[in-house]
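First chain written, first letter: the chains are A, B and C, and each begins at residue 1.
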Amino acid sequence: MRSLIDIPDFSVAEIDALIATACDMMDHPDQYAEACKRKKLATLFFEPSTRTRLSFEAAMLELGGSVLGFSAANNSSAAKGESVADTARTVSCYADIIAMRHPKEGAALVAASAASIPVINAGDGGHCHPTQTLTDLLTIYREKGRLNNLKVGFCGDLKFGRTVHSLINALSRYEGIEIVLISPDELKLPDYVKQDTLEKSGIPYTETADLEGAIPTLDILYMTRIQQERFASREEYLRLKDSYILDLPKLADAKSDLCILHPLPRVNEISVAVDNDPRACYFRQVLCGKYIRMALILKLLGEDGAKPAVDGESVEGLCCHNPHCITSCEQELPALFKKTDNGVFRCIYCETKAN
Amino acid sequence: MRSLIDIPDFSVAEIDALIATACDMMDHPDQYAEACKRKKLATLFFEPSTRTRLSFEAAMLELGGSVLGFSAANNSSAAKGESVADTARTVSCYADIIAMRHPKEGAALVAASAASIPVINAGDGGHCHPTQTLTDLLTIYREKGRLNNLKVGFCGDLKFGRTVHSLINALSRYEGIEIVLISPDELKLPDYVKQDTLEKSGIPYTETADLEGAIPTLDILYMTRIQQERFASREEYLRLKDSYILDLPKLADAKSDLCILHPLPRVNEISVAVDNDPRACYFRQVLCGKYIRMALILKLLGEDGAKPAVDGESVEGLCCHNPHCITSCEQELPALFKKTDNGVFRCIYCETKAN
Amino acid sequence: MRSLIDIPDFSVAEIDALIATACDMMDHPDQYAEACKRKKLATLFFEPSTRTRLSFEAAMLELGGSVLGFSAANNSSAAKGESVADTARTVSCYADIIAMRHPKEGAALVAASAASIPVINAGDGGHCHPTQTLTDLLTIYREKGRLNNLKVGFCGDLKFGRTVHSLINALSRYEGIEIVLISPDELKLPDYVKQDTLEKSGIPYTETADLEGAIPTLDILYMTRIQQERFASREEYLRLKDSYILDLPKLADAKSDLCILHPLPRVNEISVAVDNDPRACYFRQVLCGKYIRMALILKLLGEDGAKPAVDGESVEGLCCHNPHCITSCEQELPALFKKTDNGVFRCIYCETKAN
């Protein structure tokens, strides 16, 4: 069966089909009320993420299925030192599909290759979180009626923001996308994302530190949190943070059909005064998250097809030095690498450059 | 839709109707087996309370619905600093009704005013716990056949006992109630409860420190725990505690139809030797707790009607100084107050006097 | 109603019937899809054990029932000092059957004697774990087609291995069983198991420290983990451990139909290279664990019959000194003892010799 580890696992056609299914579910929920009757979803959350877990659980329940699992590692066999692969093989005896969150990068790929049921990556460390990106795409489609010909601004922490990198990557497969990158210098989009994604697909983009100035031109504004610990000093943080907090004054000259997104949870990066503005889409985005997960569960349960290929080579003297990689804590995992176009080897689990 | 934050949200007629529904459910469970089919209850327990959580979950399952949620804050987005209001709006996308437990007073009101689905207060700090009081009322009705003309004794910690204050308040709306307050001096019922509730509604009451002496006159004996930390000294605690432990000898002269209640869990304030006495009702009380919650869930899911009004005014220079109030930890909450009859301002969230 | 505290609670005929039901469930799952419709399983895990908990939950869900409970004590009323008996009586109001895991020996017996619904012991400290043993028996039956005339090797920690003692005990009730005990001196099978079980039932057994040498003669090889802390020194551990790690070379001369079992989770005592060998049965064993629990739940829900007898006497001056016994932490539990054939008194809860 198939799994979803990262967005590129699906073709644009497949993603469009998922979105179409999700829209149909929103319009005719009754027709799907027993679509997964007697099927079981296992939510394996090795680190807590209530929002994502509840979204998956609500999705499965609305399809008439049931749910089992755990919400934190201290309640799991991992505490006894069981490998992710063994957990995945074991849970394959208990459930029909797995949604897994794990602090280590590449953990979902390891689980998918060991499991005999589909695995959905619900977040593997700072690596991927594909269902958030699918959620963002569905929301944009519901709000705009299209996924092409959009000017999309990303604001906040563009350096470490996993969801930002993933959505930019996903949008780069559509026509007529323009990107505006809004952040302080400290948190600019990394060069490799610019080169490997934006420039490679010929997406025009601009960079600015001025949120207020950028807003009027945007169709979509994707807000993210700026974490204090990212800054050199507390002074620096305090000096900058307010200019990246979205409030009503900053929206004065925004388009009337601007669509404001946020992966949530938000702390204070969007003023609550904005919540009741019709352009605030981030709570409708939560609802979209449930429906796209319903569509995804239904798709994966319905499909045969191959497991994600764990196709890499072990290279003499090469190992992954990423301390967040699943290989860093699971000794029996073979160190495997993939040679990229530009000749560098990347770990197949966390995609970090090896050396 | 409506929510239940505290008992006064419901009229006596509504409470009597709830009790009637619960009794019908006890007598004809099959007729309600699919009453909430395809409905979802979210149990949001920001602090653990197994008994209350399982009671709600069992209630929803017996109505044919399903359940999702969390049982401790460390597994929730709250750990990431999300506001109660945001959590409530988010969960409104995942479920049809919320049962929420939170350590801060007023948290349930905040959730109810933000959610787009009904919210049941399953305990907000030391403030309210209305489903416990509804449980107590149903149990009394089942055991006695009436809620009026009863002599009710409350024993133990009457000063801090939230369930005691709430039940006294609820009973004060019925005819022919007499109250006997049994406690050590340190733990007497607060004056404001006597004045605002007992005296206001003209309920005759007496105070005593002598449990054994009071028992023979009672129709209902409501026991609560005496916590050591409430006392000036350990000596004081040890000197007093035994006289407030209910055992068989103390029941020697009790009425044959005395009804002994306890909100549970009990530690040692009722000897296990009493458990098999037919007058011990506290385990039947647990069963009543499930049925009254079934009736409550069904009522709130079936009703339209307005959200609880958050009607208060912000008063120049006035803020709530209660460290347990939800406003103490959520900065963006407006400080709102309500002027009471005697001219004092009370925080609308925790009902503490402002100054 | 009946409960399952330990294997001897069931006759051989009952166990064979359970196995027959489990096999029928594996062959005709659809016929059992609603066998427990509207029934509720409470999983009360006072200590985490994901594998066991999920196995019970999956079992109940496949029978069309539903599940509620907790996965760790810190989320339970136990944190408030509630007794196991009170929890069991309370949960009897919420569910139809209980699966309980508790760190204290004898806790399940206490729960079963207080509950008004069946209780399944899902592990009480180092004392019993009967559903693991039933799982092992079903797996052997599925793999071998019989439970008699088998040569069974047990490897690893035979001194502290609860599952080993229990399975030896269970097998001792069948014909033609031969046992091979494979362990380092430090971890040999205790004498009382040899005397009370093997010798008493006339089971021929041999002891060896040589795993590789023993394998060729075996029909069943039951592997367990060797924990470093069991050894006098780290050196001793390192010197020995490899000789008890099962890898492909050690299987060179094994029978072609050898059946390799492991209760899981495994750390490194079986090389992952063995996983794909058809003789590796430990993941099929996981699946058997789900089906035998389905059969057990169905049996206990269907049966009337007496509670487990708590028949012991309180003996002047005798108390249980086992620090892991449930009586060590629950003061109100009566200290009760049973006189065994050889005249010693054993605690009825943890079965430890009293003195």
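The rule is short, and it goes like this: a contact is a pair of C-beta atoms (placed from the backbone, for glycine too) under 8 Å apart; a residue touches a chain by one contact, two chains touch by 3 or more.
All of these numbers come straight from a predicted model, not from anything done at the bench.
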Compare the two sides of the chain B and chain C interface and say whether they are made mostly of the same residue numbers, over half shared, or of different ones.
-> different
Fitting the CA atoms of chain A to chain B, what rotation angle results, rounded to the nearest 5 degrees?
-> 120
So what's the Cα centroid distance for chain B and chain C, whole Å?
-> 41
In chain A, what residues contact two or more other chains?
-> 66
Using the touch rule from the top, collect the residues of chain A that touch chain C in their complex.
-> 38, 40, 42, 66, 68-70, 74-77, 79-82, 85-86, 89-91, 93-95, 332
How about chain A: which of its residues touch chain B in the complex?
-> 33, 48-51, 54-55, 57-58, 61-62, 66-67, 71-72, 264-268, 272, 283, 286-287, 289-290
